[in-house]
Amino acid sequence: MNLRQQASAFAVHAVLLAYTALALAPIILVIMNSFKERKAIFGAPLQLPSPSTFSLIGYDKVFGDSAIASYYINSITVTGGTIFFTLLFGSMAAWALAEYKFRFNTFLAIFLAIGIMVPIRLGSVALIQLIAQLNLINTLTALILVYVAQNIPLAVFILSEFMGQIPKDLREAARCDGLSEYNIFFHIILPLLRPALATVAVFTMIPVWNDLWFPLLLAPARGKQTITLGIQQFLGQYITDWNSVLSALATAIIPVLILYVIFSRQLIRGLTSGAVK
Amino acid sequence: MSEVKIENLCKAYGPVEVLKNIDLTVEDGSFVVLVGPSGCGKSTLLRSIAGLEPITAGNISIGGRQVNDLPPAQRQIAMVFQSYALYPHKNVYDNMAFGLKFARTPKAEIDQRVSEAARILQLEHLLKRRPRELSGGQRQRVAIGRAIVRKPQVFLFDEPLSNLDAALRINTRVEIAKLHKLLKATIVYVTHDQVEAMTLADKIVVMNNGRVEQTGKPLDLYYNPANMFVAGFIGSPAMNFVAAKMTQKNQLDCGAGMKINLPLPPACKVGDKVTLGCRPEHIQFAAEGKIQLKGNVDILERLGEIGYAHVSLPNGQSIVAQITGDPKVGNGAPVSLALSPTHIHIFGEDGSVCSAAAR
Amino acid sequence: MATGSDAGLMGMSRASYLRLLGFFLAPAVIIYSVFSIYPLLATIFSSLYLRQIDGTYVFNGLGNFVTLLTDTTWSVSFWNAMKNNFVFFLIHMGVQNPIGIALAALLSLPQLKFRAAYRTLIFMPTMLSVVIIGFTWQLILSPLWGISKMLLQAVGMGAFFAPLLGQESTALITVSLISVWQFVGIPMILIYTALLAIPDELADAATVDGLTQFQTFFFVKLPLVIPAIGLVSVLTFVNNFNAFDLIYAMKGALAGPNFSSDIMGTLFYRTFFGNQLQLGDASMGSTIATMMFLIILLGVMVYLFVIQRRIQRYSF
Amino acid sequence: MLKMSLKTMLLAAVALTVGTGAASAGKLTIESWRNDDAAIWKDKIIPAFMAKHPGITVEFTPTAPKEYNAALNAKLAGGTAGDIITCRPFDASLELFNKGFLAGLNDLGSMKNFSDVAKSAWTTDDGKTTFCVPMGSVIHGFIYNKDIFAELKLTEPKTEEEFLATLEAIKKNGKYVPLVLGTNDQWEAATMGFQNIGPNYWKGEDGRKALIDGKGKLTDKAYVDTFAALAKWGPYMGDGYKAQTYPDSQNLFGLGKGAIYAAGSWDISTFRGQKVNMGAFKAPPPAGSKDCYISDHTDIGIGMNAKSANAADAKVFLDWIGSEEFAGIFANALPGFFPLSNSKVAISDDVAQTFVSWRGECKSTIRNSYQILSRGTPNLENEMWNVSAQVLNGAMKPEAAADQLEAGLQKWYKPHQ
């Protein structure tokens, strides 16, 4: 490597590092200060917690709110349920649209695509009435149903693209092998879709985990609140208590970041798999 | 009995006819190769036999049973795909056993059949590997193994060698030929490569534009092509064609003063426009001989013991002659060509053969 | 057997073919129709009704749309929100997407070390809830905590400190840039993917032709990822005209000061659900929601039928 | 294999449905925007009620103030709202009653404990039906940090002139923010600013009623003067006040960094929690005023969801809310919310005591935008938030602010057309 190349490599890293710092600084700032005592938060916000300024008082309050465990369980149930049914129903529909010829094929594909463009939030009031009629208010089922409906269009869209990449020969080999259409889907296609399913799972997970709106409207009861709603209400309650505010924010951020770091490889692979030659 | 009989088969996609009135019989235990340029309908025909494509009209029966409306699995066929179509998430053993499991074959029998196939194909040490850990040739053998374990009445091969490199292709070709002998299987094999067709087939079916152009034993097609298409398709390098006109009895005028005297079949009449065909291997550099053409060498391709000379004729056409050894002629040098009179084919204006000259 | 009809599969009766289609399609189509399409249609339907001052509703045809677009009581807010939304969109197009492209270009450089780490970390803010991001940035920009002031002072620009979120001239830009900060990962990843799909031989050929890395990117790679940039643009458009959470979290439903950060989403929310003493107006709210739907639809159509058709696509 | 995955799906669906929280008898849920007070409800008010009525369980489930109206309306429309609804004053709640979401409460025994004035915020226009039990009012004024005033040797200002002089003195000293008030969230500008000092200009109820019957206009001198007074505050409001949120303001004063806080009485409990040594003074009247006026606003009531599954229990609870016992607990647990019932309640908090003492010195009025005038579009209250914030920001002239308000009202309100 000659001097010029070294210099340009250095410049590239400098730019990327600077942007990475910009991306992370606010998050780090919140997490860092959540471990400090009140005076230090205001006095020296840019310093790391030191033994003299370290404090967990905010977390005491956050976790003293006994419901925090149930917030997490609810969020995990809702997100998990949504991902499961979105992937199952979405891939089934994508398979039918990609593989079978029938009269309304194109119509259905366009019909499903509308949902990618329009947020269900615009239909909130009708949705609440519907959920109430179904007697599903304050159930996690209601949230899962709405989220599945919200995520199916994108899931079908992405999965159809991937479905096209599975060689036709493979499905025909399976037909020659005597598999029923159902078994071809569940035993050949579904396992092969795994990277795409991972992508869809991440795309589904982020907005569902982070959503405030539908938990607020459809399942606001105590014991049914998700972590985002719980934290939001907690913030409202302790808004002037920055120890609690920062700890609550950190509590909401950290699990998402951990999950993200674990799954980022799969996510990026899923996102970029179109480019794998 | 595992004869495949196809009668009057037609297939159309909307107004586009891709198979037109196909009649074909694949005798029990025979190796039939469907050959033709891409888009000729050979793969569609194969897939129709497999049941992967619905047909528009006609009949397909396998082993005396009409299968027109049966799904692939019930036709007692096995197919080997060009891309091998191995299930990437299953190991070699499971790839071969997969169909049997769904047919609820007893475990012991699955084991027995798979190990038998693995033994024949020398795959025993690879059974636990995933397809992506195998070489192209090994994948090919697994795909064949998957077909064998099903004990089908008919094996269908869809261009199985086209994804292999040249050396491996020749090896595998020989393997398939041996396998055919060993299993005494009925095989329908699709390829666009006439060499594969010639070397493997008991019977070749040459297809073009959704029609069967000619059916016959390999050498029959080589020596007695029914039309210019078959004549040009079978044999490598391809047959030379020279446009000519019959000016008087037993004489052809190729233009630019080139006149050839030879006995012509009675079907040809004075004044007919015809095409004269002769394979490169039947043309030599020689000043004597009954049928002579003169021209200038454009280029010599030397392959070793033999080679090919591209020669332009005075009428502007170019023909290829096979040479042996090193004839020591430079580019542009004038040469005399001798055509073997027994290997000349005369085609009428519609492209069909007037008659092969008597051998 | 014409294509497009219920052709069926070899050896399968029509009934069992329909059962097969039903099995695969019904769950998705039913859940989607009931919980997504029906509520949206109900919204569009109620945009045809007018709320009376006594709280009842009467049928009004397209009258609500006329009111929204022409009556100054509504049209001033509507066009203001529309204008702001375009500014919001243009800032994303002008800042987010170029930064995304630049980052993608750097990340796709051959032999870059720590590629995965950069990619993962820069994408991170995209993962977090908008509510949490809004709150966090509000803390950072808060004059009380004074982080932004401290940082400016540290580089000797303390005098430039301004309440960015509180001034009419800067509020919208500030909120837009925070949104850019959060979502820059999306164009980055999409363009990065497209760049990876370009065969290395092409870059090698350009190098052989004597182009610098920079020139190679600009004159060889960039033209080839224009379809991806088109996709990113239409996604940005759809997301921007659906945006709501961030502005609501940082500036409230009135999107101040003086509605300078009001966009379609906040206008819809305020109208539909009301505010302090403002009562929710389902019909005008639905009218705005329907307009949002139409704008998004129009944008997508323009993309599909005008832009996408003109984009030259290359296959490798 | 396939059958198994179907079965698993069904099981999963059933398992999720089983978690349904069916309303059990004897359990009441309260909807409220007072999330600041959650702890007090849980620890003091509800236990006191349950001690009297052991068969009834009560749960307090607040929503953040800015989402409360939207979320409550949606929940009521969808039938998911709690049994007990905390009522905003005037039209917001009247609309809920008209739509049949709130039950009429005329037959409630404890309703007799309230004067008509107290009930006016939750009574139909014809005066026949009351649908919420009045719970508390809030009084505007200014809270100051006694320690800072002592340090800078300042005294409580009595007039507007003195008020500005005091601010100037604090500003000169430079250590503290003179006036703690932010305009980011806008509502404080209108509520803590305009409605706080305004009644002295427009003569309280006289001016408010004149606006309603059309005799007074918002372009009258009183309103322009109010805005003009607000416009003078800008230089004294901390660095970056334009981006200062309400919690920022609370923290600024709570941390002892600010000297004077434009207040609502409900802030007292927040600052008690932060241990501020504080006092209070009422809005200083402009030069030449004879009488003083305070904003004593009926702010919070409590009613019953008409579709409550536990109507009987809910009425028991509401009846208790109207009782003297509740008034006592409420007033002392939440200093700054002043009970509206006729019963005499001793208030122990000295700052709250100061606030309530103004009722004796000055004439009370409620916020002028709340009754009737915010029924149409554009919404007067929203407009007031907007223009007040702009006046404080220096982005709008007082006259222009008054013009915009009046123009908005003229668009839909007959008496002003």
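The letters A, B, C and D name the chains in turn, as written, and every chain counts its residues from 1.
The rule is simple: a contact is a pair of C-beta atoms (placed from the backbone, for glycine too) under 8 Å apart; a residue touches a chain by one contact, two chains touch by 3 or more.
None of these values were measured; they are calculated from a predicted model.
Participant: Work out the mean Cα position per chain and let me know which chain is farthest from subunit B.
Facilitator: D
Participant: Please work out which of A-B and A-D is bridged by more C-beta pairs in contact, and write that pair.
Facilitator: More contacting C-beta pairs are found at A-D.
Participant: Just give me the whole-number Å value for how far the CA centre of subunit B lies from that of subunit C.
Facilitator: The separation of the two C-alpha centroids amounts to 57 Å.
Participant: Express in whole angstrom the distance between the two chain centres, defined as the mean CA positions of subunit A and subunit D.
Facilitator: Distance between chain centres, rounded to whole Å: 37 Å.
Participant: In whole angstrom, what separates the CA-based centres of subunit A and subunit C?
Facilitator: 17
Participant: Which positions in subunit B touch two or more other chains at once?
Facilitator: In subunit B, residues 51-52, 71-72, 74 touch at least two other chains, as defined above.
Participant: Any chance you could list the residues of subunit C touching two or more other chains?
Facilitator: Within subunit C, the residues that touch at least two other chains are 3, 7, 9, 144, 272.
Participant: Can you pull out the residues of subunit A that are in contact with at least two other chains?
Facilitator: Residues 42, 85, 88, 124-125, 182-183, 232, 235, 242 of subunit A each touch two or more of the other chains.
Participant: Can you name the residues of subunit A that touch subunit C in the complex?
Facilitator: Residues of subunit A touching subunit C: 8, 12-13, 15-16, 19-20, 22-24, 26-27, 29-30, 41-42, 45-46, 85, 88-90, 92-93, 95-97, 100-103, 105, 108, 111-112, 114-127, 130, 145-146, 148-150, 152-153, 156, 181-182, 185, 206, 209-212, 228, 231-232, 235, 242, 245-246, 249, 252-253, 256-257, 260-261, 264-265, 268, 271-272, 274-275, 277.
Participant: In the complex formed with subunit C, which residues of subunit D make contact?
Facilitator: Residue positions touching the partner: 66, 69-71, 73-74, 88, 90-92, 95, 98-99, 182-187, 238-245, 248, 251-252, 369-370, 374-382, 385-386, 389-390, 393, 395-396, 411-412.
Participant: Using the touch definition from the top, list the residues of subunit D that touch subunit A in their complex.
Facilitator: 1-2, 5, 9, 12-13, 16-17, 19-21, 29, 35-36, 38-39, 59, 61-65, 67, 71, 74-75, 77-80, 247, 250-251, 254-255, 270, 273-274
Participant: Tell me, which parts of subunit C touch subunit A in their complex?
Facilitator: It is residues 3-7, 9, 17, 20-21, 23-25, 27-29, 31-32, 34-43, 99, 103, 106-107, 109, 112-114, 116, 118-133, 135-137, 139-140, 144-147, 150, 181, 184, 189-190, 192-194, 196-197, 199, 213, 238, 242, 244-245, 268, 272, 282, 289, 292-293, 296-297, 300 of subunit C that touch subunit A.
Participant: Subunit B touches which residues of subunit A in the complex?
Facilitator: Those residues of subunit A that touch subunit B are 167, 169-170, 172-180, 183, 188, 191-192.
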